[in-house]
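So, here's a batch of structures to check.
Next come two complexes built around subunit A: one with subunit B, the other with subunit C.
After this line comes the complex of A and B, so read on.
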């Protein structure tokens, strides 16, 4: 399956989906004019992905800021990964947050509660 | 905020549909009604969620815009609080702070420069010309200062040049260059006459205080004035 790579813009994150390696990443900010239009192709690609059995998956999310509609779409994204985990793959979700951003840290903690099959790791980063 | 309290209607619908699903003997009509009820509430939930998301997106955008503005204003304020509005060099408070901080880390030399007979320029050509002369003179000072120098305006026509880690002899050379430049050619804004200055130079050891450094330079400046102005003295 072809990799999905999208460069960051002011309002959308950098996307890096390497299906062969099982490496997925979102980095930057997410407040697109139309969050559904931005995230739909990502969700479609993930849904169509047929991984080799037993391959581990690592998801790195480092979003400094994401708006409410992006949050809705991220939930859908994490749900797809959670389904992968339910069907036997090991899926680690690394949630990177600014050490001074309590809201983001809390969001990561709640992800662990809502998506119980993901191995959610919270990673505090020093503000740059 | 409690989930069940906030979603009481939704919880009711859930409970009722669970009750219906648990029964095996109801009529097809009853199951259909129950399904439609859930469907109706699900539609409503989607609609309301959509409204809430749109609303928060808008509010967040506005918040970010205002936050950016605030950040910019804070920067402007910080600049204005530390710079002289006419010449854009450090103001009195900021240069004193820089001198104090520099001395706490190491040695420093200080030049105080006072424009000779500045009052005459103001009286003869007016205050707007006086302002122009001050700006042109600051440009001259800047042109003869090393990169690491900090220039401050501490009074109407009085300026300081802080030279971190400079020895007295090297600071005197800088002061001499400024002095020589003012005598070599008039400022472009006042081509008919030379604008000269008196300069006092002092040296402060690491850990010494602002007052001593400043007073020494001030005494040297006073000596320069008393010896006929337009010269460099050091102490």
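After this line comes the complex of A and C, so read on.
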């Protein structure tokens, strides 16, 4: 499957989805006016992905800031990875946040509560 | 509640940003950059910067989505809507104020949710936010929307607001004040 690579803008993150390697990343900021329009192609690509059985998946999310409509889309994205994990893949979700940013840390904790089939790792080490 | 006209007594040198006019995704992005630079120069702590920037984005994106006013236009399927936003420093606080017109339905919903949020403790707001994250968006996405909950979560004092019906057009003016402590 074709890799999905999108450069960052002021209000949208860099996207790097390497389906063959099972490596997925979002880096930067996410506060587009229309979050659904930005995330829909990402969700569609993930839905259409038919991975080799048994491959490990790593998801790295390093978002310095995300707006409320992006949080909804992020939940949808992680739900798709959670479904992959339920069907037998090992999926690690690394949630990077600034150690001083309690809002982002708490959001990561919510993810760990909700997506119990993902290995959620909270990583307080984002360079700000 | 303090009327919006108090804004005229704000000393000009404490104003970091003031805009009145049509809002577009592009000018919101540009204003966001200005606020980031302002907060960096103020050497505000990360958690304060995040809360203030987050509050700004929720406020102006709400204007762009919900403002109802004859002064609106559209371009390439994007509506541009009319409103005002201001960031100023008031003593030890950062203060965001906004003003725009809303229709009758939005007026009732805003009054209901803002009155409710004003009675809730920080812990209750956090809990409502957690629930809101997982809830399906209401059809209009105007309900106890995650945007208002995000704003309520980020401010340091209860949100202040005023809704004043306008006889002329059936709309109401909506004034909102979000206060964030500097430390």
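To be clear about the criterion, the second predicted complex is superposed on the first by the 125 of 128 C-alpha atoms of A that agree within 3 Å, B and C clash if a C-alpha of one lies under 4 Å from a C-alpha of the other, contacts with A are read in each partner's own complex, and residues count from 1 in each chain.
Simple rule for what comes next: contacts are C-beta pairs under 8 Å (C-beta built on N, C-alpha and C of every residue); 3 or more make two chains touch, one makes a residue touch a chain.
Model, not experiment: these values are computed from the prediction.
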item: Clash or fit (per the criteria above) of subunit B with subunit C on subunit A; value: clash
item: Superposition-derived comparison: subunit B or subunit C, residues of subunit A touched; value: C
item: Touching partner for A:101 - first (subunit B), second (subunit C), both, neither; value: second
item: Partner chain(s) touched by A:31 [first = subunit B, second = subunit C, both, neither]; value: both
item: Partner chain(s) touched by A:56 [first = subunit B, second = subunit C, both, neither]; value: neither
item: Touched partner set for A:67, first subunit B, second subunit C, both or neither; value: both
item: Where subunit B runs into subunit C (options 42-50, 150-158, 168-176 or 186-194); value: 42-50
item: Contacts on subunit A seen with subunit B and repeated with subunit C across the two complexes; value: 31, 65, 67-69, 72
item: Touching residues (chain side subunit B, partner subunit A) in the complex; value: 49, 52-54, 56-57, 60-61, 64
item: Residues of subunit A defined as touching subunit C within the complex; value: 10-11, 31-34, 65, 67-69, 71-72, 75, 98, 100-104, 106, 110, 114, 128
item: Touching residues (chain side subunit A, partner subunit B) in the complex; value: 31, 65, 67-69, 72
item: Subunit C residues touching subunit A - in the complex, by the definition given at the top; value: 25, 28-29, 32-33, 45-47, 50-51, 53-54, 57-58, 61, 64, 126, 130, 133-134, 137, 145-147, 149-150, 153-154
